[in-house]
Amino acid sequence: MNDPILKIQNLTVDFGGVRAVNNISFSLQPGEFIGLIGPNGAGKTTVFNLITNSIRATSGNIVFKGKSILGKSPDKICRLGISRTFQNIRLFPQMTAYENVELGLHNTPRYSLAEAFIRTPRAQRIEADTRRKAHELLEMVNLEAHADKRASSLPYGLQRRLEMARAMAARPDLLLLDEPAAGMNEDECEELIQLIRRIHDEMKYTMIMIEHHMKVVMDLCTGSRIYVLNLGSFLATGSPEEIQANPDVIKAYLGERKNGH
Amino acid sequence: MGYINTILILGGINVIAALGVSILTGYTGLFTIGHAGFMALGGYLSAVLIKEYEVHFVLALIIGGLFAGVASLIIGYPSFRSRLRGDYFAIATLGFSEAIRLLLNNMKQVGPLNIGGSFGYSIPSGMATVPVVVVALLLAMLFAHMFVTSQHGKNCIAIAQDEVAAEMMGVNLLRTKLIALFISAFYAGVAGGLMGLFFAYQSPSFYSITQSSNLLAAVVFGGIQSLIGPFITAFVLVAAPQLLLVMEEWRLIAYGFLFVLIMVFRPQGLLGYVEMNFNFVKAGWNKLVARKSISRKAVH
Amino acid sequence: MDLFLQQLVSGISIGAIYALLAVGYALVYSIYNFTNWAFDAFMAFGAIMAFIAIASLAMPFWLAAILAIVLTIILAVGTEKLAYKPLRMRKAPRLFMMISAMGVNLTIVQTMNKFFGGTFRKFPVDSVQPIFIGNVSVGRMDLLAGAISFGVLALLWVFLYRSKWGLAIRASSIDIQTASLMGINNDAVAVIIFGLTGVLSTVAGVFYGIKYAVFPMMGTITIKAMIASIIGGLGNLPAAIVGSMLLGVLETLVAGYISSTYRDLFSFLFLIVILLFFPNGLMGKSGDEKL
């Protein structure tokens, strides 16, 4: 059995008097695709925020590729190989779709500052290479046609895809998707499922997906695990079939308006 | 004729400083109302080097610029470091700029040197000719363009548009901001030096909040994330008062009004996000060539 | 020792003025997340209105002060509605809000400069004999300023921590969107906050005017209050007061024992040093961005 790529140990975070995440632990093997579901306010996005250290954990540890990443700055964590999309889309609004994606590729500029001022042939080659890779990523998410459009002008569904492309541009080993299907209708969900499956198959990322659309979760997590979070703790974990049949899970969702299928 | 020269030179100097502020504020989104302080540092150091140590003026200008750059890092590093994304930087640069001005105003002696305090510090004249300023301006434009179109420059733009997202996508905020700051302070320092060469004189009164406001105005009016916009407005802001002398006392009041109006109605300014690039020139050339060949065909 | 105590008294009295301004600055910053450069203008405006009321309209001091406060409140709230609210509604970046604020500041200060004139005027209050504690003289006005500052800040504390509207404001300072979802009227909060700004800046302006002089650029002192607020810990009201007293006393000591030329440079360097060792100020907590 290989070493897990991500190990969460007894992770807890308190906000004032509220314990948003309560002593959760889990591990992921490289290449796994798991779902993270739970009622609103369960703490799912908080878990992502803890992994990327936009929120500081109160206690516990996060081990990525064998080393603790607790307390490291978010940009360092991204460069170590963890990338994400956001629940409320955070694209660079005035940049084009192409520029948004390219940013992930040069988050650390690939040539020196001196070469920026005097664009050496080497720097130009690097830029051409970066351009090529950015277009490949746009192709992969079917956004090549919109490459030169301002991100803020794109329809919602395309923006979500763009965020994914940008996250992939950062060359992650672990990709965190935060509600990629939010606001999508049935057809769009179907397209999204195909896209995410293709990304996972081709790029071999380890992936965690937060989602409310049950169909999307159950479909993509077939053969894998789903973690159910409620009030900051894991309520249940298992295969899609097991989760769907679990009475505690059903109870936790009762009274909450389901926006899935 | 000397009048036109004055406008060209002063305008050029203003553009150089405004380009620096554009890189920091227009491209990286960091508000500054204190760049006059960096102009003062560069200006005074280069003046002293030229007058007391007979350093060649080009070298003196560069050293002055570097000095301003290093000083900016001393302010920038603690300001940008904090997790609490506060306005530390804006306040620190303003505090710094005013402190420098008051210091220069009240200090006549720095060690063995007499720098004149509020009476100013005179230096040999005649070095800031039009060709010198034009060359400096062209180099400034070129390097600024190279920077903002580079991967480093694009990271600055990402920070301006959503700093948190940029960080989460792996951009090192501290490093990127410090680079933008250093460059902007260098430009300001060189501009300060050139100003001293033109007037043959350095004075603390050159480096007041009004000067900083002028630079900010050039960027706000000219446009966010644009070099050509501030280039135009920085020139106009120097040329216009000379032509419309009566407007002088209303100038700052007008700036104030315009700042608010522009932010409310057209925050990107005149030419925001518009960048001159060679595609522009190439497209124009192609059109010209196409028209010539069509007319040639028509004749035959 | 007497010189030291004298400087201490002087430092505390300027610290009190800084405290009023720093709290006003921190209030706006903690809720709206930007630096209200126009604060500078509000302070000068308040002082000048009071000056005109006394000097030209022969009003008694207290009436003039109240009139000035009312006028400044109108100015501050008006600024919010015209120059900030449109930007706030569109979630404009902080840079744009600061440019707008700087615009307001320039307009108001330079207009006053044009019409009121830049000369330093003496506030028309009878000079009173200072009282003596041992060999240390304490100006009566300084005592009054200190007492009133303390009183105003205490009233503010009561308002923020013991009243319903105060609770609404504190909720807004944590998360303004959630606060409005809970039924808190954002517009009303804006009026209250900027109204408070008007009060604090006028009181500070009047006392500054009495202690030193009245002139349109007098508001540049607010930069010290902002520095004090950062030193204490940005966004935190008690920290703003602590930072103010600390800065006031230290910079007066520097001015007294070394030279007044270096006073402003000292304040600036003190800020840098504090930020190097306490990136969030002496009492600040690190903030976490909402994602």
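Observations on the structure shown:
A, B and C are the chain letters, set down in written order, and residue numbers restart from 1 in every chain.
Here is the rule we go by: a residue touches a chain if its C-beta (ideal position, glycine included) is under 8 Å from a C-beta of that chain, and two chains touch if they have at least 3 such contacts.
Predicted model, so just to flag it, every value in this text is computed and none were measured.
Which two chains touch most often is answered by the contact tally, and the pair is B-C. Relative to the C-alpha centre of chain C, the farthest chain centre belongs to A. If you average the CA atoms of chain B and of chain C, the two centres end up 31 Å from each other. Our note on geometry: chain A versus chain C, Cα centroid distance of 44 Å, whole angstroms. Distance from the chain A centre to the chain B centre is 40 Å, each centre being the mean of its Cα atoms. Along chain A, residues 54, 86, 90 each make contact with two or more other chains.
Among the residues of chain B, those in touch with two or more other chains are 161, 164.
Multi-chain contact residues of chain C (touching two or more other chains): 286, 288-289, 291. Within the complex, the chain A residues that touch chain B are 52, 54, 73-75, 78-79, 83-84, 86, 90-95, 99, 102-104, 106-111, 113, 116-119, 123, 127, 130, 166-167, 169-170. Residues of chain C that touch chain B in their complex: 29, 34-35, 37, 82-83, 86-87, 92-100, 102-108, 110-111, 114, 220, 223, 226-227, 230, 234-235, 261-262, 264-265, 267-268, 271-272, 275-276, 279-280, 284-289, 291.
Listing the residues of chain B that touch chain C in their complex gives 25, 29-31, 33, 74-75, 77-79, 81-88, 90-92, 94-96, 98-100, 102-103, 106-107, 160-161, 164, 209, 213, 216, 220, 249-250, 252-253, 255-264, 267. Put simply, chain B touches chain A in their complex at residues 143, 146-147, 150-155, 157-158, 161-162, 164-173, 179, 225, 273.
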